[in-house]
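Next come two complexes, and both contain chain A; in the first it sits with chain B, in the second with chain C.
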Partner chain A sequence: MRLTHLVISNLGPYRERQTIDLQTDISATGYAFFAENGRGKTTIYNAMRWCLFGEVRDRAKTVAGKKIEGSIRPMVGDGKILMNATAYEKDDPQEMAVILFAEGKRGKIMISRTAKSSKKFARSDDEMTVTLNVQIGEEKILSGSEAQEAIESFFPRELERFFFIDGEALEEYTEMMQESSLEGLQDEVNAVLGIPALLRGTEDLTKMSQSVKSKINKTSKAVKSSTKARDEVIIQKRKLQAAMSSVNDKEKQLQTVVKKLDETMEQMNSHQELAPLIEKVKSLDTMIKLKQVNLKEAANDKVNESRVAWKVLLWKRASALHEKHSKEHELAIEKERTIRATEEDIIRIANGLQEVTGICDKCHQPLPDIEAYKNKLQTELDNRKVILSQLKSSTVHSPKDLIIKLGDFEKLKPQQDASERITKSEKKWKRLSNDLENLREERNNLNSKVSEEAKLNVAELAESKGRQEALISRRVQELRVLREQARVEELELKRLERLSGIVSEDKEGYELNTTIGKLIVAIKDTISSYREKARIEVEKISSDVFVKLINAPDVYSGIKVDKDFKTQIRTSSGGLLRNPSTGQVSMMTISVIDALRKVSGINAPVFLDTPGRSLDETHKKELLKYFWMNEGHQFLIFAHSGEFGLEETVKEFKGKLAKAWTITHPGDHDTCFVATCKSKDVTHDPYGKKYTCNACKNEWDKRSKNSMILEVEL
Partner chain B sequence: MSDAELLVNEFLIHGKKQGLDEKLLHDVIQHLLKNQFLPAGEREHVRIQLQKLIKNHLNGD
Partner chain C sequence: MTEEIKRGSVGISETSHQLLVSLVYDEDSVEADQPFLSIVEAFRFAFAYAYSQNITIQRSGKNVTVAPRQFVVDDYLELLRDEVLASGKSLGGLISEYAEAGCQKMDEVRTSGKSVLSLL
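And then the complex of A and B:
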């Protein structure tokens, strides 16, 4: 695959679209970019990686033999980003793109990867939408994962480090090839072998095997369960038979009792004519008992009521005397009242008599007959005194004495209805007594009609009937429990019979698993033999390259590559070089990288950033001499002026260098940099910021940091 | 070295050593080559087809 054009837009220091045309008429393989630091050499290198793989990883580090992957550089955001700073800060939408054009066995190839902000002023990669399109030959344009898959088919990601070689990271490669490395180049070697089919196939088959084994185990467990279940079925059948037998026994017992009950009922029917009489006697017995209780209560009432009967009898005689004393009491009170009134009259008349003056109180005239008036009053006074004397001399008891007597009488007085209650209780007792007597008589009459034997018989039958009915109820309950137990046993038997139905092992699963196992072994053996062939080839090619690069065939015979692809320099005497110099190790590393790339069979351009970083002058020149040939894959270097001088390199590698470019900032130029002009007639403004070519009118800003890629005329 | 034909031949040799049928080996390696660039997370259908392929072979189809 030959790269024909590379278009970069808004990446790193490249503002707007920059196109690098790699087409040339000559068959030389050398391409060189020359620039001072910070001009964007590595950006072109990274632009290719981003276009192909969608990410740019910082350099990996190897710590104690363990490789630690570098972090992915973000497209936008804080810190070091892929997008051009001005585009990131000012454009809306923010957009960056790399388009790669190439020619390969399948025709022209176009790979386009674009990242565009999905919102205004995106500040993280999550806010960017990346679009990938790939077209190979005349085939339809692929996009998304299909497009990525197409890229990987001709440029596996695992081989990235063999085509994008970072001169500054040669130590990392070297470390991986050292004896101390734990991981070595396992992934890379597998990728070089082009065996993702086998590697992924091993993973697929291993997963399938796990799944099949899981199923086999399940079946195996089921079979074991089945065998166990068959034994259990026999036991369960016995259990069920026992349960059914219990049910049958219980049913027989129930039937026996039911039969007995029927017999009892028949016997009871034979005594049907006596039954009402017996029932009547029973009823009378109950009634008699009730009456006896009532009679007892009535007798108690009668006794209680009779306790005041003497009062009733006594009062019949004492009531007249009580009445007499009551009247006397009333008279005595009246007499006392009359005495008090008479005494008051006597005092009033006596006072009137003493106070007579012979003058009228009203008209104050002398009375005509004063003596007659005085005599009248005296007579009246005398009469009152006679009456008083008569009243006081009469023999009537005092009211006080009479009150005491009446109190004594009251103690003998019964309650008002005492007599009625005594009569009533007496009557009630007599009535109940009569009733009881009647009932007894009636019962005796009935008893005389039914024999004692018949009564006994009927009573026994009734008792038997009750007992049998209770027994039947119990038997029915027991039967229900036994039937439920039998049903449970039957269900368990059915379950066990189902389990015992699985009788065969998963033969198909075993066969499948065996075949998968054999396929895994076959793949592993293939990888192993394939790796060994690759190792031999890598050892041969890397030795050839190393001898050419080191240019000392008398001292070094090549490179030893062991089974883990760890490498050491062989001396011409057949031994291994101890303590090689940094330059020697770097050349060995480059040799092995080149060998691995060749063995991979992938014909693609090689990008070498800062190629002379670890090499001395001699080795640097040998390096370019080896890689820049007249035919083969393109070899692009991105060199700092300290590594390779522009004019010197162009001159020394004339014919091998197909194209060369310088990468500069506008401020690097005091003369016109347009290829067709190059005029030195330039004016600048008073502040020295803006330059204008007087010949072609090209203008540039000295302060601009937007890099320019200018092709060098060879 | 990245030679598909060589890879298939090597696989057939090692597969036969395991007593596997050449047609099965051929079908398996072609299936794997066809899907070799599918990432691990998207290979469920590859495994299903592979298992079907092996089962069919075992059943003599």
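And then the complex of A and C:
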């Protein structure tokens, strides 16, 4: 891949859009950016990283023997940010962008990453929306994760540090190379070899293996349970056999009783003609018993009613006497009444007779024939006395005596319905008595038709039948219980059989685990083999590079890379260089990094920030000589003017240097900096702040900190 | 007047007594024609029946006395006063003759297969 253009907008000191054109007609691969500190060299370096990977991570640090990854530099916010400070503070929306144009095997490549505030004056990356678009050749524009995947297909992220080399961090690289215990370089070697995928595969396989082992362990436990269950199955089978045997015994017992019952029923059938008679006799017996009870009640009633029967009889004759006495009583009363009336008449007449005066009470005239009248009264009085005498002499019983007599008769008098009640109770008793007799006769008749022996037989058979039916009922119940027990035992047996059955040793699991184990070993062997090949290759390439870079090729034969990728400088005599200088170590480091880059097979530009920081003049020149040797890879350096002088470098590497730029602030210029002008005829305001080129009218503010990238004419 | 009537004792022949005994209710043989709760009741029935029919029989043979406490002859004094006075018999004697006659009829009835109460 070859970069053609880089467009930076609002990053670091670059306000507005800055376009870097890397196209050139010559085949040189060297590109150089020259600038004082703070002008934006590293910003370009970081702009590329941000555009490709979406983040800029600060340099990693090694603390107490452990590598600590650098933190991600924020796009916006407090502290050191990626966005241009003016854009961040003043623009709305806040926006920064990097667009990269390149050419690759698949055609032209365009990568555009833009970050735009999603709200007014975003203050954190969460408030920024990042858009990534990638177009390769004539293919459709990709975005998002697809775009990122496309980038990493030709620029693997794991290999970032081989293409973005931080000269200030060479010591760190060196430390990694010399202290294999840090395993830093091993990661790089693995990345170069594509081993991370293999390692991930190994990890996956290890997880699979653990899963299979877990399964095998489970199966193993299940096998143990199964073995135990098998023992239990044997015991359970015995239990089931015993239960089934009990069921069979009970069934036989039941069959025996059923058979006996059949026989009994058969025998009873042979006496079938007697059965109704026997039943009838039984019924009659019951009826007789009932009748006896009724008859007893009737007899009691009859006895009770009969207590006054004598009165009924007695009254038949006594009633006449009673009537006679009643009449006598009436007559006696009448006679008494007549006697009293006669006595009263006698008294009245006697009194009248004594009181006769011979004068009429009404007219008071003297009565004629007074004597005749007196004689008449006397006669009347005498008659009355005779009558009274006669009445009194004829009296036999006084009414009082007769009342007593009648009272005695009343005691003998029955109640009016006594006779009827007695007759009724008598009839009832008689009827029941007859009924009972008839029933007994009927029963006797029936009994005479059934022999006692037959009855006895039938009774015995009936009794047997009852016993057998009860026994069958009991046996059926027992059988039900036993069958239920057998069913339970059978279910338990099935359960145990299932437990014992499912489980056999997980042969497939074992085989799979063995296969996985073999695969892991194979992969590890492959990795080891790759590493070894890579080590040899890295050792060879880095030795070649080192010899080219170092200024004493006769003294050093190359670099030794041991199995842990610990590197040392090898001398021509075959020994290892003890106490190498900083420059020698830096060259060794750069050699190894370049070797690794080459081994990776990735064809991409290399960016080297502050390339000469740890190198002396000779080594710096050798470095550029080597990297700009026109091997097809673009090699971009971002050099401080103290590391590489612009004019000397341009002069010395003419033909190797494709393009060069200076990065400056407007304030750095006292003359016109427009490439096509370069006039020294400039004027400025009295304060020396604002400058104007009189030739091309270019104006600039000496106070501005917005960096400018100016191409150098080679 | 009362003093003229002799009370006398009440009794029946042994045969009649046996008859009366057989007419006393026994709850173990309810089918038998035994309509009376006691011998006295049976005696009273025999007396009443004979009185109603106005038939008497002189007792003969061994006599069985009926307990006077249970059969109070005075209860029948007014009923039989005239007869007793006319016959010159004792009240108990007259009653006994009636009863004897009644027993004989009852025996006849039973013998004929009828119930005693059919005499009503």
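Please note the rule applied: the second predicted complex is superposed on the first by the 432 of 714 C-alpha atoms of A that agree within 3 Å, B and C clash if a C-alpha of one lies under 4 Å from a C-alpha of the other, contacts with A are read in each partner's own complex, and residues count from 1 in each chain.
Heads up, the rule we're going with is that a residue touches a chain if its C-beta (ideal position, glycine included) is under 8 Å from a C-beta of that chain, and two chains touch if they have at least 3 such contacts.
Since we're looking at a predicted model, the values are computed, not measured.
Colleague: Name the contact category of A:Tyr510: first (chain B only), second (chain C only), both, or neither.
Modeller: Neither chain B nor chain C is touched by A:Tyr510.
Colleague: Return first, second, both or neither, reflecting whether A:Tyr373 touches chain B, chain C, both chains, or no partner chain.
Modeller: Once the two structures are laid over each other on A, A:Tyr373 reaches no partner at all.
Colleague: Considering only the touch criterion stated at the top, classify A:Tyr626 as touching first (chain B), second (chain C), both, or neither.
Modeller: Neither partner.
Colleague: Give one of first, second, both or neither to describe whether A:Phe155 is in contact with chain B, with chain C, with both, or with none.
Modeller: After superposition on chain A, A:Phe155 lies in contact with neither partner.
Colleague: Touch test for A:Leu198: chain B only (first), chain C only (second), both, or neither?
Modeller: first
Colleague: Classify the contacts of A:Thr423 with the two partner chains as first (chain B alone), second (chain C alone), both, or neither.
Modeller: After superposition on chain A, A:Thr423 lies in contact with chain C alone.
Colleague: After lining up the shared chain so the two structures overlap, which partner does A:Gly601 touch, if you call chain B first and chain C second: first, second, both or neither?
Modeller: The answer is first: A:Gly601 touches chain B but not chain C.
Colleague: Can A:Phe53 be said to touch chain B (first), chain C (second), both, or neither?
Modeller: Touch partners of A:Phe53: none, neither chain B nor chain C.
Colleague: With both complexes superposed on chain A, which partner does A:Tyr530 reach: first (chain B), second (chain C), both or neither?
Modeller: In the superposition, A:Tyr530 touches chain B alone.
Colleague: Over in the complex, which chain A residues touch chain C? Could you list them?
Modeller: These residues of chain A touch chain C: 292, 295-296, 298-300, 302-303, 306-307, 309-318, 321, 405, 408-409, 411-412, 419, 422-423, 426, 430, 433, 436-437.
Colleague: Contact residues on chain B for chain A in the complex?
Modeller: 1-4, 6-7, 10-11, 13-15, 17-20, 24-25, 28-29, 32-33, 35-38, 40, 42-43, 46-47, 50-51, 54-55, 57-58
Colleague: Please output the residues of chain A touching chain B within their complex, sorted ascending.
Modeller: Touch list, chain A to chain B: 145, 149, 152-153, 192-198, 200-201, 203-205, 207-208, 212, 508, 511-512, 515-516, 518-519, 521-523, 525-526, 529-530, 533-534, 537, 599-602.
Colleague: Which residues, counting only chain C, touch chain A once they are in their complex?
Modeller: 25, 27, 30-31, 34-37, 41, 44-45, 47-49, 51-52, 54, 75-79, 115, 117-120
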